[in-house]
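For reference, chains read A, B, C and D in written order, and residue numbers begin at 1 within each chain.
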Amino acid sequence: MIHLVDIVLSLVLLSILLSFGSSRLPVLIRVIGFQGVVVSSVPLFMGHDLSAFGIAFSLATLSIRGIIIPLSIYLAIKKVAIRQEVEPIYGHHASMLAWLGLIVAAAFISGKFNLPAINNHPLLMPTAIALLAGGMFLLMGHRNAIAMVLGYIMMENGIYLVGTTFSTSTRHIVEFGILLDVLAGVMIMAVILQNIKQQFDDVDTSLLRTLKE
Amino acid sequence: MVEIVFLIPFLTGIVAFFLPRTSGRVLLVLTGAAHLVLSLILWTGWPEPVFPAYFAVTPEGLLSLIVISLLFFLISIYTTAYLKKSDIRSENIFTGSMLLFLSTMTMVTLSDHIMVMWIAIEATTLASAPLIFTHRSAASLEATWKYVLVCSVGIALALLGSVLITLAMDIGGVDVPVSFSALTTAARQLDPLWLKAGFVFILVGYGTKMGLAPMHTWLPDAHGEAPSPASALLSGVLLNCAYLGIFKTHKIMVAAGLESFSGTILMVFGLMSILAAATFILKQTEYKRLLAYSSIENMGIIAFGTGIGGLGAYGAMLCLIHHSLIKSSLFLTSGNILLGFGSRLIEDTGSLVRRMPRTFVAFFCGFVGISGLPPFGIFIGEMLIIMGAFRNGHYVGAAIFILSLCVIFAGFANHALKISFEGYRTTVQMEESASMVWPQYVLLLTSLLLCFWIPDIFSRTITQAVTAGGGVF
Amino acid sequence: MIVSVILWFLAILLAPFFAAVILKVKAFFGGKKGPPLLIHYYTMIKLFQKGSVYSTSSTFIFKLGPVVSLCTAAMALMFLPVAGYRPLLSFHGDVIFILYLLGLGRFFTIAAAMDTASPFEGMGAAREAYFSIICEATFFMILILFFKLTGSLSLADYLSGSGPLGLWQTAGSPLLFVIIAFFIVLLSENSRVPVDDPATHLELTMIHEVMVLDHSGPDFGFIELGAYCKLFFYSAIVSRLLAPLNPGNPVLTGCLFIAALLVVYAAVGVTESVMARYKMDKVPKFILTSFVLAFFATVITLEFLK
Amino acid sequence: MLLNRNFTLMKSVGALSIAAGCLLGLYYAGLQLTLPVSARASFDYLHHFTIAFQIDALSAFFLVLIFGISLLAAIYSFHYMHQTEKSLATAVNYLFFSLLVASMAMVVAAANVITFMFSWEIMSLSSFFLVIHNYKKEENRKAGYLYFVFSHVGAMFILTAFGIMYFYTGSFDFGETAALTNTAKILVFVFAFIGFGSKAGVFPFHVWLPHAHPAAPSHISALMSGIMIKTGIYGILRIYALLNFHTPVFGEIVLITGMVSGILGVVYALGQHDLKRLLAYSSVENIGIILIGIGIGMIGVSSGKPMMALFGFTGGMLHLLNHAIFKSLLFMGAGMVHHKTGTLTIDALGGLLKKMKITGSTFLIGSLAISGLPPFNGFVSEFLIYLGGFEGTGLDRMAFISILLAIISLAIIGGLALACFTKVFGVVFQGEARSGAAENVDEKGLTMLIPLLALAGACVLIGVFPRAFVLMAIHGVSGIGIGFEPALLEPFIRLTGNITMASAIFFAFILAALAVRILLYRGKTITRSGTWGCGFTKPTVKMQYTGASYSASVLAFFSTVAPLREDHTGVEGCFPGHSSYRSKVNDVAELHMNAVIVHPVLALFAKLRWIQHGDIHLYIGYILLAIIVLLFFILGCIYDVRG
């Protein structure tokens, strides 16, 4: 099983790379959706508790993360037909290098902690950290509001990974609550995106700098 | 049946979305009243919640709860009058999200499970976002965008922090429910390193929500753009909720004997917030932003006091309560001013004393109270904090604290005097309806009363909360 | 007691006479014969016989002024040990009392001057007020010195009996500075040349004289008498310091005292004859020199007491 | 208190209630003053703290002061607050008036930190409202703001001092300070001195004072200048008594600041053109004198000279009382002038004495007293201070020099005060009216005249029969806790006796001289004519000597500390047209406060404003930054633990 988990995790890492590399919004969204699916399937492969209850929850999570959230964003874009290109503030190559640096740093940091969980899933901690940092990277690296939302989702994925894999004691219902929150958050963001589009007919956040001292 | 306290507003909120204007307003006030009654009942006999794993009645929670429901009741009354005057499209959304906001905040005060707490706080963000966006202007849109995104990111970090704390449990090898109360009792066995990490993430996360510098950046925009009742709720109680999260975590740290660690961090952030507030208060041009920054300042004061512990913690608790009362009254008053002068800029206002005498009284009393002068409660709170700081030998901290307070006072007084007395081009009186003034009066009077006399049960609750948070007498 | 009362009356009576000495000396320097020594008595009698003219803008202050200034001067004389005999009154700190009493007199003179709404009198008043500030500083400087020497704060202890002698023995040569300082104070307080020229005809340059321009008749007489008493007071102090020793029998003492007094008055006369009055802006510097002298004397004495 | 329907009724109720309260307070305070033991009362507060009051001799002395002056001020206010159209404002004014009196009483009676700070802030707050009573004037608003900020900052300093004390004692009560180290004691004293000094108007913390006092209504100015600033002195004395630590440092600090504020205060006063501003500055001067007295006392205590200490403290205390009396007298007189003429510009007034006999003569008495001339009360206290100083000349180098300077500066202050008040009296009340405003005035308003007469009477009374009051002051001093045996009282008895005798003789003289004068004038022709114009044929009132020119020469002497800014269009041509002259004395403290404190702070914070940059990426960056820094902090902790 362990190998399986590691393969899955490496898929996640790959998705991060893709997200950095992709220059078109729909692609980016798909990548995030894929990432969501993979991440939420991790617990299944780890096989914490394979009770029907747990599996049901995992599946629900998977559907929300993998389908509903990306879909909502996608619809938001569709409603407001906008430029499909997204340019990172710092071009592609820089992003690639950033990704490599990210992986290395993540591995290094996670090597510092001595955790029981890590011993049987060497890739897990680095992946989580990479997801977090990657999300941050997307958030700060893009002027495009949608890309920033996607970055937020990526962060959430990372945290979810950390949470679900480590703590046995958190209840599913709680996770589900969290998930609902995230969902609602993304929904609201989508609404705001539409409004931004109507206001400025663009989603470039550099337009949103009027409120300052 | 503790949960009912937040279930009722939840349901009514859902209902309110589909109601016409008038009945929506009525529902708002009714819910506020019902909520107040319920929380008072909750106060007298502490009943057991249905899901003890997730919810519990804690002293600090009760404190915030009572403040919240009182404030909400008064604000709802003000709101009805405010809505009559102001031009707000889609009013049902406004009232609905007000109620949802209330329910989520109540949930925060009652939640005991770490994750549930997180859920509730994130929910407050989501529920309050429509409130900020009420005016549908570009500026309000931007404010909402920043608010949602910055807070979500911050709170995501808080989630990570909560996860890390559970991790600390795993490593510490304790198997108790992941609730603050249980953790506080078992704090000693938790793994200190991960606990610290968890605290840090939670502090930054909820600190973002609470408005501690440098994560405070969303706050002035949101408070400035939201309609006044909403801003009153935001800075009056929302910040308290965020603080509650930090405070409970701090309790764990104290129980784990790490209060020097968490205390230092809290003090540093507190001072940073006060300094940041001073920076922007001095030359502020909009009075609502001014009030927002003053909220940041007060949150800084509270964090500082909590970090000090001892007397300071007690002072912080007092400041927390009184700040809610006074600041919300100030925001409501600012609503009157906005309606009267039709501008957010300070230089467009003036000679409030002649044009709206009753509003002036509320405004100036609020100013006096917020800048830490008697006979309002923040005075005693700040004094205790300073004394506590000296008592525990934080000379430098106290020095910075005092100096920046002086600067802030100078700046705030300057603006307040401008608004109240500066050039009266026209001395026509503006009409101010009673229901838009006496909520503020009630709030201020409450603060005044609490400065002199605190009911026994109340003070006992405060003391319990404080002693749990490392306060000693 | 009786003696001191008599002496006090004598002092008041003789004050005008001594003032006339100054005129004599000046006349001598001018190569003239000069007025008789009793000139002031004649003028005063004349004044007392006259009536008065009051300015329409004046009030009761104007009438009160002369009375107060006379009374303060006469009162000051009560504390003065004439010819080294115990004065009528004397208590710890009476010097300060006297100084402030004279201050009271000054206040009323100025008030009376301001009362007339005359620009020149106001000008004079301003100068009077200004210069006296520095004089007081000097006086107190000297007081500090004397207190260090005698440990007392009353004129009687300084000047009566063997007081001055004691001062000379303890302080020695620095006392000369003190005497000069005192002399300068005397000149400025009594508005003599080079601070002020009572004999000039141009109101612009006057200080004391211009302030009493509008007084006439008995009021003016009072003022004159007060001025003489004040002059006598200061010069008596100086003379006691000049001739410290007091031989046993009263006659000798009296003669010595009178001789010393004459010397002082003559000195004033000489100064007036050989000097012209300073420009108004130089006057403060002149008076400051007295302060400096006193300070100097104090410092030296204390150094060499240690 | 806020019944403003019927104006007169409201006024009378307000004035009467305050007056009644004051009378009651006065009675008890007097009782307290005679009682040897100190009363104490305390209440439970917020379940953890107590509000405690304690009245010892010191407090009682101040209480007598407070209630006495407030009583008169209340009476005075009845006719002074005459604007019927502003009845609401007047009602508010009365409200805060009573609040101010109450809080001042609480301040001097407070027995622990919380109580003290509470009453202190209430006092500042209510007096602030009184200052901006007439908020329509630009400068009044500025004054109010300045005062507000100053008092708050001062309070913060005081709080700091208490905080340092609390660090050692761990108790809010006044009293046990034995735990403090010497350096801590000095630190506490310095902070407290700055705090209280800013309230008392000590140079250079006096900046607010000349702005705020003229802004308030006159009876309030009397109250503030007469007693409110004395609470600062009270605080200094109280702290000194608490610390009970006799180092010469305290004495030197107090003495030197006293000298500086004394001289500069009166110099600036001489330069003012506004009557009430002038009086305000002269308050700074008198505070200086009081501090000189106290400083001499402190040095006396520290150098083991009980006589000197007693003289110094008693002189200070007595001067405190005297200043309260004659300063409120002068302010009320100024209020009368303003009430009738509508202006306070000195050079626009003149010749008021003819029309306002009572006001004029009481003002004259006040000026005589404030110039420290016998036989009025000002002299007695300065006399005592002098004696204390002379007692101190026996000390060694450092102390001796400072004492010497103190005596000299006292002398100079006396002279300058005389110049200053001859100017005021001469220009305002004498001569001819310089403007239409002062032409036709009367003096009505009985309740405004009663306090004037009462205060003037007090001036003479204390001046002639000082014994009882000196003993009272000594009793107050005994509250400071410096031990002295009753044998030391004997010289006071003697002195006061002497003063009484001397002044009696003096009055006898005056009467005699007057009698002689009447004798001489019997049956003589007394004619009235215009003033001798020295050759000018048509003297006009414009030709009178103005206050500005009166003080010009003295100011020139002090030009280094009192820079004089003057601008005038000179006289040109043979037939000059209009020519104007305007001069203003700048306050060095004010100038430097702006240059050294205010501008740098503003600049610094202006630099930091980019933080709120408006770019959301930056905001998220802040969050990330915070996290990273804190994580490093944790790692740092770990390494600390390890290494």
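What we mean here is this: contacts are C-beta pairs under 8 Å (C-beta built on N, C-alpha and C of every residue); 3 or more make two chains touch, one makes a residue touch a chain.
Since this is a predicted model, take the numbers as computed values, not measurements.
Chemist: Give me the set of chains touching subunit A intersected with the set touching subunit C.
Modeler: Neighbours common to subunit A and subunit C are D.
Chemist: Is the number of contacting C-beta pairs greater for B-D or for C-D?
Modeler: Answer by contact count: C-D.
Chemist: Need the central chain here, defined by C-alpha centroid distance to the all-chain C-alpha centroid.
Modeler: Of all chains shown, the one whose C-alpha centroid lies nearest the global centroid is D.
Chemist: If I average the CA coordinates per chain, which chain comes out farthest from subunit D?
Modeler: Here the answer is chain A, farthest from subunit D.
Chemist: State, to the nearest whole Å, the distance from the C-alpha centre of subunit B to the C-alpha centre of subunit D.
Modeler: 43
Chemist: Using the average of all C-alpha atoms in each chain as its centre, how far is it in Å between subunit C and subunit D?
Modeler: 36
Chemist: Hey, how far is the Cα centre of subunit A from the one of subunit D, in Å?
Modeler: Between these chains, centre-to-centre, one finds 70 Å.
Chemist: Which integer distance in Å separates the CA centroid of subunit A from that of subunit B?
Modeler: 31
Chemist: Residues of subunit D that contact two or more other chains, please.
Modeler: Counting only residues that touch two or more other chains, subunit D contributes 609, 611-612, 616, 620.
Chemist: Residues of subunit B that contact two or more other chains, please.
Modeler: 145-146, 149, 153, 220, 280
Chemist: Could you check subunit A for residues that touch two or more other chains and list them?
Modeler: 139, 148, 205, 208, 210-211, 213
Chemist: Just spell out which pairs of chains touch, all of them.
Modeler: By the stated definition, chains touch in these pairs: A-B, A-D, B-D, C-D.
Chemist: Within their complex, state which residues of subunit D touch subunit A.
Modeler: 609, 611-617, 620-621, 624
Chemist: Which residues of subunit B touch subunit A in the complex?
Modeler: That would be residues 113, 115-116, 118-119, 122-123, 125-126, 129, 133, 138-139, 141-146, 148-149, 152-153, 156, 159-160, 163, 166-167, 169-171, 175, 177-178, 220-221, 224-225, 280 of subunit B.
Chemist: Once bound in the complex, which stretches of subunit A touch subunit B?
Modeler: Answer in residue numbers: 115-117, 132, 139, 145, 148-149, 152, 155-156, 159, 162-163, 166-170, 174-175, 177-178, 180-181, 184-185, 188-189, 192, 195-196, 199-200, 205, 208, 210-211, 213.
Chemist: Please give the residue numbers of subunit B that touch subunit D in the complex, ascending.
Modeler: Listed in rising order, the residues of subunit B that touch subunit D are 145-146, 149-150, 153-154, 157, 193, 196-197, 200-201, 203-204, 207-208, 214-215, 217-218, 220, 261, 265, 276, 278-280, 282-283, 314, 353, 368, 371, 373-375, 379-380, 383, 386-387, 389-391, 393, 398-399, 402, 405-407, 409-410, 413-414, 417, 421-422, 424, 454, 456, 459, 463, 473.
Chemist: Show me the residue ranges of subunit D that touch subunit C in the complex, using the header's touch definition.
Modeler: 350-351, 353-354, 360, 364, 368, 371-374, 379, 382-383, 386-387, 390, 393-394, 404, 407-408, 410-412, 414-416, 418-419, 422-423, 425-427, 430-432, 491, 494-495, 498-499, 501-502, 505-506, 509-510, 513-514, 517, 520-521, 524-534, 539, 541, 543-545, 549-554, 557
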